[in-house]
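What follows is chain A paired twice: with chain B in the first complex and chain C in the second.
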Partner chain A sequence: MSDHDYTPSSKVGKWFNDRLPLLTLANHLTDYPTPKNLNYWWTFGGILTFCLITQIVTGLTLAMHYIAHADMAFESVEHIMRDVNYGWLIRYIHANGASMFFLAVYIHIFRSLFYGSYKSPREIIWIIGIIIYLLMMAAAFMGYVLPWGQMSFWGATVITNLFSAIPLVGEGIVTWLWGGYSVDNPTLTRFFTLHYLIPFLILGLVVLHIWALHVPGNNNPVGIDIKKPSKDTVPFHPYIVIKDGFALLMFMIVFAFFVFYSPNILGHADNYIEANPMVTPAHIVPEWYLLPFYAILRSVPDKLLGVVAMLSAILILAVLPWLDTSKIRSAVFRPLYKQFYWILVADVLILGYMGAMPAEGLYLLIARVATAYYFLHFLIILPVLGFKEKTLPIPLSITESVLGGSPNLATVKNKESLEK
Partner chain B sequence: MSEKKPERREFLFTASYAVGAVGVGAVVWPLIDQMNPDASVKALASTEVDVSSVKPGNTITVLWRGKPVFIRRRTKDEITEARSVKMEDLIHPEKDEDRAKNPEWLVMLGVCTHLGCVPLNDKGDYDGWFCPCHGSHYDTSGRIRKGPAPLNMEVPKYEFVNANTIKIG
Partner chain C sequence: MKNIFKLFSIIVLFCFTTAQSNSAEKVDYLKTDWSFKGLFGKFDRGSLQRGYQVYTEVCASCHSMKYLSYRNLGEKGGPEFSEAETKAIAASFEVTDGPNADGEMFLRPAKLSDKFVMPYENVKAAQAANGGAYPPDMSVLVKARGGGVDYIYSLLQGYEEAPSGMALDDGVYYNKYMYGNKIKMAAPLSDGLIEYGDGTKATVEQMSKDVTTFLMWAAEPHLEARHQMGFKAIIYLIILTILVYFSMKKIWSRVESEV
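Let's look at the complex of A and B:
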């Protein structure tokens, strides 16, 4: 790679770089050869980095005013909203920022599913990504508890009670998580601590995620291995930086719309009622980004198996690189997989909708069918498809797929002679 | 001699690892156990409730250990209904006689055994309680009859201190 022989131009730079090669790293990141056909679905990595930084910065500033105590938490959040300078803005960015973070991560994940970015040699990137996703869910859940409203309290009660499904030790684990016999002040203070910690764990994993990415380089819409650097690549800066920046601006418009025009539309009115351990709200629903898994939990009539199904739905993603037996990465060249992909997208959206509806009658039936299909997709359809599907011929290079030519003259000649 | 030395070394390694593991465990345990209920939480172990104002057919809810406790003064019909159920029809078979020693009074944790919500009074298909979270139905003895909850609502340890006062815990 080009960065190995990099030498800073200034004397001071050289002196510093010989002792800590930060400039070599910066040079590597700038020159990093990127496939030239990356589309806008590839801009969500940058957008996600922005989301993480936004959550950390707004979270730090909120923590200067928030009080993690069962008697004062609700009041301190109202204090932030009414008294603290720009407190309303910072809190609305933080609260809606969580939703934006998940919106971006779902697009990022489904991008990988479409273009087969999880396949060899990118399995570790993918698995780190799944761990980040799990940590995001933990952080979002604990953050939602902090305002100590009714949804906070009962959401915390329901989710921590999931552990009581574990045979024998379940009840002990729940008491340990609570630090008492119900969700109460000890629970709130530890959730605050962990909510503060997790973003920094995610930050560390993001570094590993990018590091692992820079070993094989980016996948691309055509899904073929490319020579780097070559006519198929462009340097990260300025090409990808500008493209990511433009996409980020578009994303920020959506973000700002929620923050300034409908800051509470993604929340629940019940969370503006202070936590009351005596009364459960009539309709408990998690935040929108957890709804598909909530629907899976509720569609199984047995307590333990429901929890197992919900966790499996997430963890099954970690073994996806080995469940998908097809050697072809991109769905562009997999006509059957492309159809099943869109069915899966619809299936997850249906699950999300059913998660928001009461678990009865037709809703429950549809949720059960959708849950069964979700597992069918990963456990049966994907492994079988790899053997049965007749894939389309893949191009030899990115240039060929775009211009119909190839940088390799010999290949072009060979192709032309075949066509004659 | 050359054969004996590695054995001795392996023993030392194994012994070192073992001592190290015990040491790590001893350090980690306090860090884990600090999350368990502390002395002040455990101290709030019992609560006394005056039930003289509760009329038949009414339920009062009191807080014990941060959890709601239902105290229901049951009507004759409810008692009859609870005691006439066949054991085969129950998901978690328990006799009403064992759950309510004094048939008029039903004392139990108002916590759904599915995921911990507070069930609603006088609702559901069995004239008892209904949990709005995930749709569990309980009968007039607080026993699970339909829905995802696996167990009957728990009866805590309690006693009548006198005719009008119940001590929970």
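Let's look at the complex of A and C:
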């Protein structure tokens, strides 16, 4: 793991480090050579780590006061909001923290898509990332069930019912998931258990994610392999630490705005109505971060195929490193891919919007077109583009790049437009 | 630096557009100035106290508020009745306690620690007394409705003659802000219905505003503390961000690169 030998200066340090090389690890982390041209899109890894830790710490505190019982869950949440010291703050951080977590993870994923960070030799980092993303969705969904409001209950009913689409064993699986014949107390208690477990699984995978990253090192906006350490790199500490810190603070300002001034704007009003199995809400909608997949699910007329489409939409990302046939990583040097990239971004945003709208008429039509395009992008456009696209010349190194010696992306872009 | 601002504004924009698209079903609600909105929003103490009066004299005969206790009425950031007033309010209600040493349940005046007394024994009793409709608990009602305070405020003033051609069953009323326009609650307020202790004229508009303010507080009892802390937190973050920005500039000036 370490690129260099490290000997602690103190005797005690050396004695300890010979038995457990924690100091070597710490030294590796601080010295870790990082490309010096990383832009702010690269700060979201650190931001996501912050989000995970925030969710775990606030979640632990909430779990001390929350009661996972169908008759008491809603009341215990109100107890937290009213009578627990700063309970409102902890709960609002946790609830909005989930949204902030997904906001950051989407930026992180789309950064990777733009700069081709998923390509060789970083496929394993990418696949671990997709698994983390899947676990995040599971954790967020189960967390949303815990307050036991109307959206909790009916969201849980709709999502667990998806498993009934599986031929032959579907119904049995749903009963098994529920622990009964409907979403009820056994469902709530197992969701609470799993909601508590998953963040620690994510934490473990994050360690692997970072470990796998530290083998080849970071990709960078130019997307070329760099020698490390070299004049193209800077040590992680203090350069990247301070930069990540600055970006994190900016992120926290947005976060704080939501927590303190509109804590409920990202949630659904119906979730402040206690769960009632006898009354179905007019529209059952998932949280905003799941809407694109919800739109894909609903745009397929057949239930089983809808579920398959929704799952494929996520799992297709796992094989992305092999679907994208281009050897060039960064979209900066791929003029066509860059355009398709932004179309994909728009496509996902459109899907998200359609997921929030009723599945009928024009909305449904647009959702179907957008769903088709989503798969078209990954299955046809990307593989073909790798062979057909005429890419721009790539600089040999970050510092001594053929594009004028500037590591700055803006300069690279300017240069590009000048050459046209 | 230009990039970071671009990124920052994209995030802010994105947040607002998602927030906007989530609050679907746009209706033009009646507007009024809410003192509790905005960065420094605080409740109007007088309005909260009057709102409590409207609740207890009008709404409480059907609507429960099961998550509130009488002690809340005297707490900071709420109506802030004095301790004597709060105790007097509590004592004016009777609660069932027990069992006592003889195994009997008994009635006693409510204490500060008691929850608000419920108007009905249970949901079925409430439905039976209200033509099958359950008057929703009001503790978090404002947060449980899409339009929030504006919706409640409008609904209370939204009673009208049903348009011709619309048939209404017995015990169903027309309200232009209600979802589907049919509501099982008769217009609860009328001018001069109650007499305010502080001499404010009890118009429907005034009472609607007061009781809605009260409901907002009931749903968010720590709203004032939240706004105050939020302002401090954000100022602190901004100062820290500026300091870290300059430290970053200094550190990065050692390498030839633009941050």
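The working rule: the second predicted complex is superposed on the first by the 397 of 420 C-alpha atoms of A that agree within 3 Å, B and C clash if a C-alpha of one lies under 4 Å from a C-alpha of the other, contacts with A are read in each partner's own complex, and residues count from 1 in each chain.
One rule holds for everything that comes next: contacts are C-beta pairs under 8 Å (C-beta built on N, C-alpha and C of every residue); 3 or more make two chains touch, one makes a residue touch a chain.
Model, not experiment: these values are computed from the prediction.
Engineer: Should A:Phe246 be classified as contacting the first partner (chain B), the second (chain C), both, or neither?
Structural biologist: second
Engineer: Output check: A:Ser312 vs chain B and chain C. Expected answer is one of first, second, both, neither. What do you get?
Structural biologist: neither
Engineer: Report for A:Lys303: first if it touches chain B alone, second if chain C alone, otherwise both or neither.
Structural biologist: first
Engineer: Let me test your reading of the model: by the given contact rule, A:Asn27 touches which partner, first (chain B), second (chain C), both or neither?
Structural biologist: neither
Engineer: Which parts of chain A are touched by chain B and by chain C alike?
Structural biologist: 282-283
Engineer: Which residues of chain A touch chain C once you look at their complex with the stated criterion?
Structural biologist: Within the complex, chain A contacts chain C at residues 36-37, 39-41, 75, 78, 81-82, 88-89, 92, 103, 107, 234, 238-239, 242-243, 245-247, 249-254, 256-266, 268-270, 272-273, 282-283, 288, 352-353, 356-357, 399, 407-410.
Engineer: Which of the residues in chain C end up touching chain A in this complex?
Structural biologist: 2-4, 7-8, 11-12, 14-15, 18-19, 21-24, 39, 67, 72, 136, 139-140, 143-146, 148, 179, 219-222, 226-227, 229-231, 233-234, 237-238, 240-241, 244-245, 247-248, 251-252, 255-259
Engineer: What does chain A use to touch chain B in their complex?
Structural biologist: Counting only chain A, the residues touching chain B are 154, 157-158, 160-162, 164, 175-184, 186, 190, 277-284, 298, 301-303, 306, 358-360.
Engineer: Applying the document's contact rule, which stretches of chain B touch chain A when the two form their complex?
Structural biologist: Chain B reaches chain A through residues 32, 35-38, 41, 61, 63, 65-68, 114-118, 131-135, 148-150.
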